[in-house]
Every structure is written in C-alpha cells, then in structure tokens.
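One structure, pasted below without further comment.
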Amino acid sequence: MSIKLILTGGTIDKHYNESNGEMNFAETHMPELLKLGRNRADIELEQVMLLDSLEMTDADRQTILESCKNSSQDKIMITHGTDTIVKTALVLGNAKIDKTIVLLGAMIPFVFKHSDAVFNMGFALGAVQCLPQGVYVAMNGKVFDWDAVTKNREQGVFEAL
Amino acid sequence: MSIKLILTGGTIDKHYNESNGEMNFAETHMPELLKLGRNRADIELEQVMLLDSLEMTDADRQTILESCKNSSQDKIMITHGTDTIVKTALVLGNAKIDKTIVLLGAMIPFVFKHSDAVFNMGFALGAVQCLPQGVYVAMNGKVFDWDAVTKNREQGVFEAL
Amino acid sequence: MSIKLILTGGTIDKHYNESNGEMNFAETHMPELLKLGRNRADIELEQVMLLDSLEMTDADRQTILESCKNSSQDKIMITHGTDTIVKTALVLGNAKIDKTIVLLGAMIPFVFKHSDAVFNMGFALGAVQCLPQGVYVAMNGKVFDWDAVTKNREQGVFEAL
Amino acid sequence: MSIKLILTGGTIDKHYNESNGEMNFAETHMPELLKLGRNRADIELEQVMLLDSLEMTDADRQTILESCKNSSQDKIMITHGTDTIVKTALVLGNAKIDKTIVLLGAMIPFVFKHSDAVFNMGFALGAVQCLPQGVYVAMNGKVFDWDAVTKNREQGVFEAL
C-alpha cells in the first residue's frame, strides 16, 4: 500500500526564524518526523505549498484538490494549518473523490519540545490506512467526518458537530 | 467510542534508574504521552503488569487475554515489549475474541529524545479506531495481522510474513 | 555564595502562543531550566520585566541598573534579549558597580528542541561564580568584557571587538 | 584561549543500545552537545577512554593524568562518571599540575529528554575559563575543590566536605 502525503504547511511545519524571532516556513520537517517514528510505510511526499492556513485562498484549495485527484494513491494524508483545515475538508469532501483522505495538523509546531505533531502524524497515518473512502480530519486522537467537525478556538481543540 | 489501553510494560515504558544506571520500570509514562499528543479520545488505562517482554510468562499472557475478554470496550490497545509482542499476539489471535485489539511497542523508550514511542502510540490509536475486529501488531507505521508478522532482530524492524 | 538572577525577558524566555501562533512572554521558564540542570547553587530570582530587548527603553535599563545596585548579592546574572544585550552591558559597565555581573541570552528560546538556552545558562552560572568584579556578556561559550563585545547579526553570534 | 576537553566516558556520554536494551558506549555525544550550545570557544577534544567510572582502574587514572600533563592547553575539562569522579580528582589534585582542571559529569545521560548534561557542560566550560589553577569538580551548579567534595549517593548530588 502506497500513501501520498501532501504538505501544505500549517503550524505543524513552522520553524523558528532566528533572524527576526518569528515563526515561519523554511524546509519541511515531515521527513525528520517520519524518521523519528521509524516509519517504514511507503509514503510519497508532495509539497504543494507551505502556507499559514489563514492565508490559504480558494485557488490554493483547488490546487490541493487537484493533487488529490491526480495522486496515483488511494490513501492520502494532508498536513494543514488548523485554522482553516475544516474549510479545506469541506472542499475535498464535496468533490466526492473515491479515495481515503485524512487531513491533520498540530497546535504546537514539530520543533517545540511539547509539540503534538509526532502524535498527530502517527495517528493520521494509522487512520488513513484503515478508514474507508471518504474525507476526514484527524486531531486530538479522534477521527472526524469532513462535514461534522469544528475547531473550538477558545480551547484549541476539535469537536464533532 | 471508549478505548481500553492495557499496559504490560516493554521498552516503550522503561525509565532510567539513576541509582544504578540501568533501564527498568517505575511509573508508566503513557498518561504523559497522551497528554503531549493532546489526546481527547476516551481512553481507559489498565496497568496489568510492567514487564520486560523477555520475562513474560505464559501465565502473564493469559492474564492479558483475560483483561481483553473482561474489558467492557470493543477497542483495545496493548503496550508491549517488542521481543515477544508477536508471541502474545498469537495467544490473543487464537482466542478469537470479537474485539479489535492492537498491540504496540517502541524500539526506544519514551524518555529518550529520539524515541519512536509517541509516533507509535498515535499510530496505534488511529488504527484501533478504524480497524475491523481482529488482532494486530502496529509498528513502523504499518499494521500487521497477528498471524503474519515477525520481528527482524538484526534491523530492529517488523515485517510481514 | 548567593547569586541573584535578574530576569528581563529576551528570546531565552519566549514561549509559543497557541492562540495566535506568535512568540511572546508568559511565565518565565528559568526555574524549570535550573531544575533540569539539577542546580543546587543558591540562586534568588527577581523578575524585573519580561521584554523583547528591542522594546527595552533607557528607563528599563535604569531599572535593571537599580536592581543590580540594590541586590544584596555580589554575584548577578541577567537574562536578556540578544539584540540589545550589549547596550545594557554598556549602561551597567559604565556604572562601575563593585559586583560581578554576567548578562546572558539565547538565540533559540528554551521551549525549542534545539535551544541553546540550557547551555548558556549553565555557562553563565559557571562564569559568574569565578569571575572577578566587572560586567560581562556570556554567549557562545565565551566570556566577553562589557566594552569589547558585539553581536554579529548576520551570523547570529557574539564576537570580541 | 584554547581548552582541552578530555573524554573518559561516564553517564553523560552513555547511549541506549537498541539490540539489548542496555546503556553503554558508542560514539561520544559531546560534539553534538557543544553544537547545540552554539559553542565558539576553541575546544580540542581528546577521547582517552569511554568507560563507566566504576570500571576505571588506577592505570586509567594515570592515563588521564598523563593526558593533562601532556596537553598543550592550560585549561582542561574532563568528562567523567560521577561514581568515582572524586577519586580521579584526588589523583589529579595531588599531582600539583600548574593548570586549571575541571571535572564534570551528569546524573542523566545526554540522550534523555530530562538530562542535566547540557547544563553541566555549559557550567564547567564557564568555570574552567575563569578559575585559577587547580583541580575542581563542577556539578549541580557548584564548583568544588578537589579535596573537599563528596557524592551523596542517596540523593544523587555533590556536596562540599
């Protein structure tokens, strides 16, 4: 079984910019994360963009959708910022693709000691391999259907609608 | 959905004993691991034993089997040492329980910087929620059937038979 | 020997704000850092401010100077942002106080996996205990005199003038 | 100023042996540690041995003494197991070498998340640069004279005699 991992950026992949003290994007950390997890699943990375999801446009979402459609794999994971992950899930879900698509992110970037990124990536990888076709958001150790999930911004957690 | 997490020890849960410089067991690290992953799945911990799996006896395996049978949950995860995880999987698989049981472990204990424990626990949690009934070993980002998996000791990885 | 540790903020003490994804200040991490280092030196913390050093005013520097003068200890460490640590060192050095004062910071906040904060704090603590009276900047494993140090912003390192 | 860093092993440098689950020695972690601390001090490493200090013989201590004498540097740090660090300090102290020698170790190996190794190395590096000639043990954020220090084994800390 081959799995496509589409990278779009988001908190999970942000790094610390030493020169200005801000969090932004450089090279993705996902290969390092998968190596840490001693992953041996066949995962093909495709970096479609590296964006804060608040800056993601409708055109960007179409680009992600096209990547899903064009992927030779039936199992797809997408790293995504948590702020608009639900919005992208809606675009993908409404497209009715015959694939299993799992979106994931993190509340704390991989580069922090207390990051949830490693757990979340492991979780999404376990879910994508075992779920039937459909679009899902995998966060907080839970799998949510694409049309029945919301981010509780006050608590920083995902909840079923 | 409620999930039972049965703790049996193994490398994943070993800690560093300062007084003698050896790796052994004290309190489990799994609650800390789940908190790091910001888990909100309903997980009930049951610490059945904390053993190096090389020291696990047939009687211990029966104890684990009884815990699986007695669990009110249909979804069960079991932390286990990797050296005999396959042996325990065989005992559980042959018992033909109508539940989804996922065994997991780690090559490097949670307390090390380069541990695979967090990834593996996330992975197993994702798998257990989405797999049909049966007994599985979840390691290296892969789900193996209980009767078709082996540990390649030289490389320290799990492979399908 | 008692040592005063004056906290002014700076990169070393920044944390990740989950709600907006920015680096800013909350509670200081220095007690946690000292505990990690198993420190048993008698260190008295005094949090004078928690500022990005680019926002530090001349009045703030006078406040720090007053804290140094008023301290009952002859050995003083000061956590400080690296951008203007040299400027504050000049204010303290010109004041000719009969104490040993060591300023320190970090290029990467304590909360990151790849932070230099723990090393730098250990280094400054070793230096402050053994240096004669004077004002120093301790960074990159080197001790610099207050009037002969500059930050090389391109390389992100401190150098002797 | 050039500094010699003599490596003898000890807890600070132990690693986790995946094949048998024990702590032992492979390659030293000290270059990685110094890089993490963004050290730019001129440090020359000399790996004299990599031993658990309980296995260190009188002959080994003479080898360390010879390395100190033969070093072109006047500033010397020695990584050492904490169990017999005081014994080695006595050998070096009684030799009356005209150099500054600081012995250091760790209670928790560098490879653990909760290690004191980074703090201790930073501390010893700060101390060695600023101390007068003599032999010292640097642990727990304190500098001890070679003939007035003991390890409190129950508490796992160093104390002045």
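What to note about this one:
As written, the chain order gives the labels A, B, C and D, with residue 1 at the start of each chain.
The working rule: a contact is a pair of C-beta atoms (placed from the backbone, for glycine too) under 8 Å apart; a residue touches a chain by one contact, two chains touch by 3 or more.
Worth saying up front: this structure is predicted, and the values here are computed from it rather than measured.
The fewest steps needed to get from chain A to chain D, moving only between touching chains, is 2. Chains that count as touching both chain C and chain D, per the definition above, do not exist in this structure.
A separation of 26 Å divides the Cα centre of chain A from that of chain B. Centre-to-centre, using mean CA coordinates, chain B is 45 Å away from chain C.
With centres defined as mean CA coordinates, chain D is found 38 Å away from chain B.
Contact with two or more other chains is made by residues 107, 113-114 of chain D. The list of touching chain pairs reads A-B, A-C, B-D, C-D. Per the touch definition, chain A reaches chain B in the complex via residues 33-34, 36-41, 43, 107, 114-116, 118-131, 138, 140-143, 157. Per the touch definition, chain D reaches chain B in the complex via residues 11, 14, 16, 18-19, 21-23, 52, 107-109, 111-114, 153, 156.
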